[in-house]
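Each chain carries a letter (A, B, C and D) given by its place in the written order, and its residues are counted from 1.
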Amino acid sequence: MPVTPEQQAEIDDLRKAAVPTLRAVAPGMEAHLYKAREVLDHGFVRVIDYMGDDAAICQAARVSYGKGTKSVQNDEGLIRYLMRHWHSTPFEMCEVKLHVKLPVFVARQWIRHRTANVNEYSARYSILDREFYIPRAEDLAAQSVINNQGRGETLTGEEAERVLRYLKDDAGRAYDHYEEMISDEGQQGLARELARMNLPANIYTQWYWKVDLHNLFHFLRLRADSHAQYEIRVYADAICEMVKDWVPAAYGAFEDYRMGGANLSGRQLECIRKMLKGEEVTQETSGMSKGEWREFMGVVG
Amino acid sequence: MPVTPEQQAEIDDLRKAAVPTLRAVAPGMEAHLYKAREVLDHGFVRVIDYMGDDAAICQAARVSYGKGTKSVQNDEGLIRYLMRHWHSTPFEMCEVKLHVKLPVFVARQWIRHRTANVNEYSARYSILDREFYIPRAEDLAAQSVINNQGRGETLTGEEAERVLRYLKDDAGRAYDHYEEMISDEGQQGLARELARMNLPANIYTQWYWKVDLHNLFHFLRLRADSHAQYEIRVYADAICEMVKDWVPAAYGAFEDYRMGGANLSGRQLECIRKMLKGEEVTQETSGMSKGEWREFMGVVG
Amino acid sequence: MPVTPEQQAEIDDLRKAAVPTLRAVAPGMEAHLYKAREVLDHGFVRVIDYMGDDAAICQAARVSYGKGTKSVQNDEGLIRYLMRHWHSTPFEMCEVKLHVKLPVFVARQWIRHRTANVNEYSARYSILDREFYIPRAEDLAAQSVINNQGRGETLTGEEAERVLRYLKDDAGRAYDHYEEMISDEGQQGLARELARMNLPANIYTQWYWKVDLHNLFHFLRLRADSHAQYEIRVYADAICEMVKDWVPAAYGAFEDYRMGGANLSGRQLECIRKMLKGEEVTQETSGMSKGEWREFMGVVG
Amino acid sequence: MPVTPEQQAEIDDLRKAAVPTLRAVAPGMEAHLYKAREVLDHGFVRVIDYMGDDAAICQAARVSYGKGTKSVQNDEGLIRYLMRHWHSTPFEMCEVKLHVKLPVFVARQWIRHRTANVNEYSARYSILDREFYIPRAEDLAAQSVINNQGRGETLTGEEAERVLRYLKDDAGRAYDHYEEMISDEGQQGLARELARMNLPANIYTQWYWKVDLHNLFHFLRLRADSHAQYEIRVYADAICEMVKDWVPAAYGAFEDYRMGGANLSGRQLECIRKMLKGEEVTQETSGMSKGEWREFMGVVG
């Protein structure tokens, strides 16, 4: 269960306490504040705080009071221009703080994005909950036969059943032993910092994660991508929905230039120019490897 | 003049527009929002936005819903504990965005603090204003004869007058020529990105600067220190006043452990232990250099 | 086993191939290059590459060709001065690249140090080895009764035996199932990125970790500290031995000012001044909490 | 003059002192070590140290000893794959340290790239040299009438002459006064940290700049681009020549995928797909702004 009734009551309380502020307020994001958006079987993403909105991006880009920067182009046009030309600093002027509950193996991928602030629940200090990610049947995929780091077909029948049984049983037993080891009833009780080593990578952890909008977009481009592992992609997708409501113009530009766009090489651009002139181009004449050609066809085809 | 009447009117307008929010609100910081706090002869610091408060630091440190982290110690005690033990991530959960107007030579020192987001007024794109920092008579100091990178006595008489005359005349002439070079009346007009090279380092620039509280404290510890150059210290001092009103408990801990504290070496601690036992210690027997011993005496004396 | 005979042969080969270079060479570090220094039961630290030496720190601090920076003080004196006054940029001019094999729960602590470059062995792409950290009997400690995130007495008797049995059996069974799930003999075979979630946090992973000397010292100060978890401290200790041979003067200054030093608060300095004058100071009159006072006594007592 | 005869003699000495090392050596980079490559009228770039080579990128990507990562694809293929798929961490495993002499207004642009280590010549501590960047006649460009932050035609005749006269005279006078103010002959002498404020932005400064290959490529993509200001582009171009000799395979991939490539938006890709099917597309029907369409035509046209 992502959130207990007690926790939900705390959230409901927080959502009653509106207070006046002179700061920029994004109504779309206020609607998300504190609510737990469920992800996977026990996980969630919650917005805890945010700073700025679409207008704040433009305000920073122009630096208030700057002669010669007054512009008639509207904010959306400016935001698209900034995104297109990789002027990233104005996007850094927005910030968001999330509370995320996620399996440890997802957390390990996530933390590679270094330009963010993180405060994780400490398993040296505290006791972890008995909550493990167990995939739904339709998410149990075989190793891909094409892509060495991807998934192929869904597992079926007895094989699928056995996988689920192993995951559940091993997690349950590991947690039973974890509890037994740290217990101080009738024994000394193993240090928490040691006992945690018995727990598998599908146990849930939690953290506060704070990041600026530019680095968040970078995270989303990589993790909401179809090549990302499914279990992190669902978190990225959930965050996308929040960002869309928070900074709609910036998110629109991100969708067009980053998520929906592609980075083409010099060789690939040369091919496009030839193809537009009516010349025939094949993988052999393109100078690309087979993998690169396949990706190229996926983009222009 | 730090702010024109038109700019002041814009600020006054912004301060009328309170809107409800569900986020954490710091009343002490709301009182500062948008107002230009004057620094030096034409500079200022303005808070444009902030995220979090003292409670947000504790909330992040505990990570909501974490079993075993419920604590009876009050927030101030926890904040002092975190500061003392260099647990920096909870402080990173607060963020502030400032608009700063400052001389270029100050900006060049400031920018060395890399863990921050900056968007500076572009002199490639825009025209700089005719505003230069000219020190007050009492701030015209001689090169220190003790410390190679510090100041000594105040200059007096004809020498002081000549310095002020040079600073004013050279800046004025450089700006006249800057304007003449970029003018497109009756000529092509030099590119702004080139013409700016004629302007001296006391011209004012502006930027938006966004930083988390942990990194801001690091900045303040170095720049509000008595060894920092006076012209950046006054900015740091102005920011200290704002931070004190924003997160009073965190600022109190910062004052005690960082600004008012000292980092003592193993050798110095050894000396203190000996001195407390009544043994005599001299520079010669301490193993310290003369400079280090002088600093040590300044701390314990 | 930290290194297989085949891997050892590769290392021996690499150590035969000296080539001339015009760069700064640190003889003490050349002696460490590529060799696996064993840590815990299956882990190691290996130096793969390094940049700079003590002289390079001084060269950067002076910036070659700079008038007025020529100095008669020797390099060691300069390095101590830089360390004492927190002039960190010259230390950033040295860099080291390590290959580390370590349990996942140690890796999760380590990665919180963000200012470093990391390339970890991918369990989405590759198959993990059957190697788990199993503590020695003398390292099986009980939860501390004083410090919520530390260890107390060593476990004994049946309790200790049961802990070891659980750790070994659960890891072994989890790995058996991992292998069974990914096997493609007579079945599709679960995707590696999913199967890895069954493995416990004491499994070993590997990475290349590259960091500059300033940030490495920060890491070592926190992780070679007596309050750090034993299992990461042994890695930090192993790295300390390498750094000592690489940049002896910088390491000496680090030992005196950081490892052997202490950061005292304003209140604590005030107490020391009073105590040196012969006044009596108690916890009650000091303004410190009990915990802080205990730490203070540990430093000055 | 970029380098004095004394400095050249020091460089020549350094280049005589080859020493054996067990580390990776890049012969192409050894040829560059310490030599000052002249840039602009008094500037230079010198390689002071480097870490790694093309093979080191692949070694990090594979993480030595990792089962299942052994690959028959050659290093160049792997490097192109990594670059194409934005796997940036292996490129971060190479590092370079440069000594750069550059005008202050160029340094101010450069420093915006924050993920690097910098140690600049201190004008608080030392006295700056009398060296100013004065553009060649052919580099004196008018403000662009199309692009608000670019250059247009070259200035000619009397206008050009006047610009050069202003730049030279103002710099010379400012430096005369700088010297006069800091002189301690017959007067106290103004503190260096204050006197420097009289100097214009075309004065030369120097720094040590250390950066990893991934971040260097990011710098080069932006600063060796045709839209970058000429005065920083020449530095980027000089560094490109060095990198090409250092890591030829990585540089080749960078040229194809980054410098020679383009990032196309979803709308632009949609247009290409239509155009390849023979449909006509105009700016009006494309959904792009005029500026964006012009850029698009520049890429595909």
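As a convention for this text, a contact is a pair of C-beta atoms (placed from the backbone, for glycine too) under 8 Å apart; a residue touches a chain by one contact, two chains touch by 3 or more.
The structure presented is a predicted model; accordingly, all values stated were derived computationally and were not measured.
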Please report the minimal path length, in steps, between chain A and chain C on the chain touch graph. 1
Angle, in degrees to the nearest 5, of the Cα rotation that carries chain C onto chain D: 180
Chain centres from averaged Cα atoms put chain C and chain D apart, in whole Å, by 34
Separation of the C-alpha centres, chain B versus chain D, in whole Å, is 29
Chain B-chain C separation of Cα centroids, rounded to whole Å: 33
Where in chain D do residues touch two or more other chains at once? 89, 112, 118, 122, 125
Residue ranges of chain C in contact with chain B within the complex: 77, 80-81, 84, 86, 89, 112, 222, 255-257, 259-269, 272-273, 275-276, 289, 291-292, 295, 299-301
Would you pull the chain D residues touching chain C in the complex into a rising list? 4, 7, 10, 14-15, 17-25, 30, 33-34, 48-52, 56, 59-61, 63-69, 89-90, 92-93, 95, 97, 99, 117-122, 125-127, 129, 206-208, 210, 212
Residue positions on chain C within touch of chain A in the complex are 103-105, 108, 111-112, 114-115, 118, 122, 124-125, 133, 135, 140-144, 148-153, 155-156, 159, 162-163, 166-167, 170-171, 173-174, 177, 180-182, 184, 187-194, 196-202, 229
